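Remarks on the structure that follows.
Labels A, B and C are assigned to the chains in the order they are written; within every chain, residues are numbered from 1.
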Amino acid sequence: MRITGTFIDEISHDIAHQNWGREEWRKDFAHMQAVGIDTVILIRSGYRRFLTYPSPHLMSRFGCYEPPVDLVSMFLELADEFNMAFYFGLYDSGQYWDTGDMTGEIDANRYVVDEVWQRYGHHKSFKGWYITHEISRRTKGAIEAFSELGKHCKAISGNLPTLISPWIDGKKAVDASLGTLTKEQAVSVREHEREWAEIFDGISGAIDAVAFQDGHIDYHELDAFFSVNKALGDKYGLSCWTNAESFDRDMPIRFLPIKFEKLRLKLEAARRAGYDKAITFEFSHFMSPQSAYLQAGHLYNRYKEYIATL
Amino acid sequence: MRITGTFIDEISHDIAHQNWGREEWRKDFAHMQAVGIDTVILIRSGYRRFLTYPSPHLMSRFGCYEPPVDLVSMFLELADEFNMAFYFGLYDSGQYWDTGDMTGEIDANRYVVDEVWQRYGHHKSFKGWYITHEISRRTKGAIEAFSELGKHCKAISGNLPTLISPWIDGKKAVDASLGTLTKEQAVSVREHEREWAEIFDGISGAIDAVAFQDGHIDYHELDAFFSVNKALGDKYGLSCWTNAESFDRDMPIRFLPIKFEKLRLKLEAARRAGYDKAITFEFSHFMSPQSAYLQAGHLYNRYKEYIATL
Amino acid sequence: MRITGTFIDEISHDIAHQNWGREEWRKDFAHMQAVGIDTVILIRSGYRRFLTYPSPHLMSRFGCYEPPVDLVSMFLELADEFNMAFYFGLYDSGQYWDTGDMTGEIDANRYVVDEVWQRYGHHKSFKGWYITHEISRRTKGAIEAFSELGKHCKAISGNLPTLISPWIDGKKAVDASLGTLTKEQAVSVREHEREWAEIFDGISGAIDAVAFQDGHIDYHELDAFFSVNKALGDKYGLSCWTNAESFDRDMPIRFLPIKFEKLRLKLEAARRAGYDKAITFEFSHFMSPQSAYLQAGHLYNRYKEYIATL
């Protein structure tokens, strides 16, 4: 199973910034293309006060800082140039998820979607929307938010596809800033199936594809969870992608590139489950030959050798 | 606002060592000079048993190890060569700060100052003293220690300037070795003002410049704290510098180079507040083209582009 | 004291993988040889489900994954080529150490030793066995396990030497994934001596060399612990090696290359204690010119300068 998409994590919760300029990004798109990546997904257009593009609405509504560079424009131009599909990731205010009332988050993102479609919708590479909010199990208010935002994105853009990337509440689903690597109370396959059936039912028609993050469960659990995900996707009409994490959740440094063997185990499980597409979080830190983490360049080489055998 | 000074962190509490020799250091001074740095500040000449120069006093008094290289001599020679000002950072025994009685720490440093001035005072680049002890709010015994040590430094050296670099007890003032990134009990601007008025009053005349670390508060709080700092400096006759931290306090890896956008926000706040000088902690790990953290080289390039627009 | 051996940490508990292929490994053996390394020690042949060689026994017994590359074969071929001694590290199931009953672990490793000796015993570089289980003080069941496994290794291989590398339960003996760097309850030199006398007595004849990890105690404690270790080794007929850790236990990033000065302090203490050999954990991440951690290349240079003066 080849990785054909990657997130772009320019406003990150937990990955240190590489401080690339346009020149480095242009080279990275070439590196991506050389291993078959045709889709780039902006993981979020903003988080709290930091933005990827100078949104008048968000700067006045949330006191966001004007960014030094319009990254949305830059990524779209590069995606145009490299014939890639660009998915725009929505804004995360960081203010509503704990409250259970997502009205403010939905309202803010309606503005963002309208603003962005007007500013950037003409790019030939603008091919989809990524609902940025990462949820698991029954995050309160998530179904309604995903459903409303997904429908709004599709309505304004002539039905462009919408994507989400939730996490499985497995044993490695722990806070990255804390010391522990695993927890005791992991979800079972059956609970996962029951809870996600309800979510998929609620978002069906508004969301086109779901790319579960593959790093929160153990490697020998992949087949069981993946087959449930695929069956749910088929039943509720959602494409099933895998978000093959290319960083290593098992190490005390959070986070460095993953051991190739682990990535291979995950991609092969996705292939066995009949998944529709593999994307990764994310190429530029963890798989790129020009990453600040030199292990990433070696992972790139190992991955290239691997796909040459497929 | 241009960064014109940097700390040198060769005995570090929390930044992994780069194992540079003289050749790498010489290159780094050239990289510094190329972006306008004219001042290097040795952050400490020793900490507990580790030393930057073979101090007979500290080796016999505290059982310190004889260092493989005389770094003080090397840095002074390089500063001489590159026409930079060198500030000598005092010794931190690590033994007295929790006790509230700083007598031992003051006594040890009187010896150090005398010893160092005798050994190295002839260097044309020896231009100031850095009282290495990092305090915040009303650290017990700090005023007396800063005042006595500052006066002693100035008296022996023909009134060379003295510098301190305290931290603001903001929401990011957390222990680097712990898992959390923020805390609930942060100081308010008004408490900060009241407490630092008392400190500035007590050290006035002994300390010439104060460079608050800029990384413990949120970016939208910068203006409020900086304007208070500047007003206090003006009132009590201290120069107000900013210690623009070039590492990122918001990430689980502690510590990697900061996202350029964040550094820019902090420098621009310092400019708006009318600060006198900007220094950074620190160039060689976090902004240098030859740093082991390759993100630093990209930060160097982004910073160079930025100062070209000023 | 020169470092003449290194671990190879290709199945790691806590060091992120470099994703090297055969080409990078071949270069690394050359880098090792250039500074006098004549011994490579595979730290473990497998841990839980991950393996370094495709063991039919372990894949069926423990559900291990088939590895993408036979690393044991590759390392032996490289050791043959570079005239080095290769020590094979046993398998760690991760299942028995907490139970106090090591029968399952011993049984699994009897199979592994037989299997490995049959597959790889013909290599001229196959020169010893490393009992991979890292213990300290009186780990329950350790004496019996070490004794039985050591004897089995020696019996099957014409008495090839056996090595262990335990840790001293010092102040830095803390869980790498937790936030703290030190603990209060460290072992005293006298307790260490009493407890290890019992262990050495129990493993004498089955284990030929013991290489205590040198990083869990403070630098000024090295002489006291090392002289006890050497005296115990002499008394019970075990060679006394030092495992000179080349990573830094004092920093919040776990783990990056050590400051050269610290490595030098540890090697000189081992020399003073009359140790027989110095090995390191480990060259490829922390001392290699091609390590992903660029500090390692500088450590290599500082170390080369140092050994040139011996």
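By definition in this document, a residue touches a chain if its C-beta (ideal position, glycine included) is under 8 Å from a C-beta of that chain, and two chains touch if they have at least 3 such contacts.
All figures in this text were calculated on a predicted structure; none of them were measured in a lab.
Under half of the residue numbers found at the subunit A and subunit C interface occur in both copies, marking it as a different-residue contact. One rotation lays the C-alpha atoms of subunit B on subunit C, and its angle is 120 degrees to the nearest 5. For the pair subunit A and subunit C, the distance between mean C-alpha positions equals 39 Å. Counting partner chains per residue, subunit B has residues 179, 253, 294 touching two or more of them. Put simply, subunit A touches subunit B in their complex at residues 12, 14-21, 24, 49-50, 63, 65, 67-68, 175-179, 253-255, 291-292, 294.
Contact residues on subunit A toward subunit C in their complex (touch as defined above): 179-181, 219-220, 248, 251-253, 256-261, 264-265, 293-295, 298-299, 301-302, 305-306.
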